[in-house]
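Letters are used for the chains, namely A, B and C, taken in the order the chains are written, and counting of residues starts over at 1 for each.
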Amino acid sequence: MSRIKLSPNGLDVSRIALGMWRLSSWQFTAAQCLELLEQALELGITTIDHADIYGSESGFGEAMALAPSLRDRLQLVTKCGIVLRDQQSALRVSHYDTSRAHIIASVENSLRYLRTDYVDVLLIHRPDPLMQADEVAEAFRALEQAGKVRHFGVSNFTPAQFDLLASRVTLVTNQVELSPLHLDPLHDGTLDQCQRLGISPMIWSALGGGRLFSEKTLQIDRLNNVLSLLAAHYGVSLTTIVYAWLLQHPSNPIVLTGSGRIAAIKEAVAGTKLTLSREHWFAIWSASTGTPVP
Amino acid sequence: MSRIKLSPNGLDVSRIALGMWRLSSWQFTAAQCLELLEQALELGITTIDHADIYGSESGFGEAMALAPSLRDRLQLVTKCGIVLRDQQSALRVSHYDTSRAHIIASVENSLRYLRTDYVDVLLIHRPDPLMQADEVAEAFRALEQAGKVRHFGVSNFTPAQFDLLASRVTLVTNQVELSPLHLDPLHDGTLDQCQRLGISPMIWSALGGGRLFSEKTLQIDRLNNVLSLLAAHYGVSLTTIVYAWLLQHPSNPIVLTGSGRIAAIKEAVAGTKLTLSREHWFAIWSASTGTPVP
Amino acid sequence: MSRIKLSPNGLDVSRIALGMWRLSSWQFTAAQCLELLEQALELGITTIDHADIYGSESGFGEAMALAPSLRDRLQLVTKCGIVLRDQQSALRVSHYDTSRAHIIASVENSLRYLRTDYVDVLLIHRPDPLMQADEVAEAFRALEQAGKVRHFGVSNFTPAQFDLLASRVTLVTNQVELSPLHLDPLHDGTLDQCQRLGISPMIWSALGGGRLFSEKTLQIDRLNNVLSLLAAHYGVSLTTIVYAWLLQHPSNPIVLTGSGRIAAIKEAVAGTKLTLSREHWFAIWSASTGTPVP
């Protein structure tokens, strides 16, 4: 599969990344998880996406323990900054924590669960209104100097939030939601900023969390109609069309697949080998918006 | 008429520009088109606005062929980047194309239709989510080096989209919609960016595409009431008030008139000689929004 | 009370500032106004906020005349740029004026009313679409050179409007509305810009103009529920909780209190000594939005 530098400073990643946020729901044994990982590697996927709150790190770490030599072939991404509360009440609420102490403790846990000495990329999971940019930068530098994290980025940040943290420390990506059901980053400056800075975004929810192929709305009907015609035209699956559509953005995104089925992962990977005509790319845009381009 | 530098690098243009987007609907002979052009020149209008998709370039070129010596007195602006489809279907849709090949082919066509060796300003007509900024910059430089285009700009770009392309190549203007019926650029950062960079915007749809004086809404009623009082106060037409209102913005805009009637063009030009009081300027703003300023 | 540098260039201010916009409604004698001021000073409040249109400057100046030696202990902030019209009609409307002549005349009046030789900070009160940034910068420099104004800032500016004026002259603050009833600046880039530039915002309407404790809406009910629980938890008043919540933002805001009652002012000041846990900070955020964090 094609590979790309995530940013000008040069971390080499695969265009399709394996997202682990549903790993615990798959109820894989360590051997099954390793099998999926090896199959993904055969397809050229080397970049794996976690977060401290996914509950994915320990299961993945158990698989890695079966084949520790794989570590150097992988780029492990994880995230921190969200504190979840299951039982919410007035004063007990899910919240963000981007303090130095929380970031460093979260990374220590991630390393232990993932059974590795370092993660390749650490992301702040959500923009935190209480983020002290200087303090986050200091935590990042401490982690880098300790050899525990090699690169840093953010997720779901607006351009202004990105500018703030990037004024203090080098960021290599912004992981954002983009799909035919969610076009905002195409128009709100997020991807313009990435392209201007030469930074590849990472894309989550490529299929709208699955809604694209399961729910029924006028928009989804229009999209499925166009995607089906394109799938027939190019001789690939609807999923492949969507991945090709995302990968074609000039910001050179890394697109996550969150599937545990190798067949579905192959459909995503096939998107790296397909280039839609411009007219076909905009056919999907127009099916999403319900209007021709202005 | 007053003239202005479009940007710090110095293209000299007239404050009122003649927009040709309706030329084909006027069904002018070449002689009639030339007559309009000569009358506009007598009023001081030297800047002429086209686009590849207006169907205006060939008719204008035929008029120019009758008086080739006029060329050096004019600043010709044209645009590219939109591919129109008359008969739209699911996979056959109007779309954007800002590839190097498309930009260069479009300019070659424009030069042939306009019967000239160069255009003064080439604009990317609409922000293209698939725009490769490096590729556009390369196409611009190739056109400049070939002597085919002297300056480059954009149209309908958000500040983030402008920043992206401006990070790769010098842009001299952003042509945007502004009128008493469409105040967005006053508040969304578009004109702030122009003033900050010392770049004059070009303004299209000064009269809301004619709606300001033809449709009936509460907003349009309020505006016509205020515009009529101001027209009586200053002893000019309603159209002149609107042009003065637009020209007064501190970003020093160039305002298009899209009329083929010399009487209407004169009303626009008269706006360059009128300065509204600040209170009168805000009377139009308040009639548009329906509220006093905060 | 804790103090802070308003910006990197070093004006020292108190974290709580006394807002004078309702002074005329309190119908204070000069002696009463002086008493309030002295009580505020005892609490550590040294920063006083006016505007030319509040009608507060002359009453405050009369109090100052009773104790001129206080001047050097205070930081006086005032604003200009709004021209109010009581009796509005189609052509007689409230409007903005950021011309050099208006700014300088407004400051001259403020100095006369305040009975002082200088103001510490002058703010442009509202973003003026007709603002000529170069002209405002020139007026600011003239006032600075004449010793009449020491620092300059803006109020209610978007990031793009701030960038425009800051490209011409040093700005030390942006005074904006923020409260549990108005979260916009947390998310729209305003406070990100302040933190990035190292500039403290000033916050007006901390209690939503009093609506937070007087009106009944679902949002206000949720907020009062959470604020009451937190007040009981920390052993302080609801007002103190709100001030602590605002002061805790990493942009290091100066928060205005607009009360003329010393008891209420004390509740605001008490906020400077309280640090909410992150979870409690987000409990207020979630009560405002009605949702957990994403």
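Note that a residue touches a chain if its C-beta (ideal position, glycine included) is under 8 Å from a C-beta of that chain, and two chains touch if they have at least 3 such contacts.
Please read all numbers here as calculations on a predicted model, not as lab measurements.
It takes 120 degrees of rotation, in steps of 5, to superpose the Cα atoms of chain A onto those of chain C. Under half of the residue numbers found at the chain A and chain B interface occur in both copies, marking it as a different-residue contact. Once the centre of each chain is set as its mean CA position, chain A and chain B turn out to be 41 Å apart. Across the assembly, chain C contributes 159 as residues in contact with two or more other chains.
Every residue of chain C that touches chain A in the complex is listed here, in rising order: 159, 186-189, 191-193, 195-196, 225-226, 229-230, 233, 248-250, 278-283, 285-287, 292-294. By the touch criterion given at the top, residues 82-83, 85, 88, 90-97, 99, 126-127, 129-133, 156, 158-161, 163-164, 167 of chain C touch chain B in their complex.
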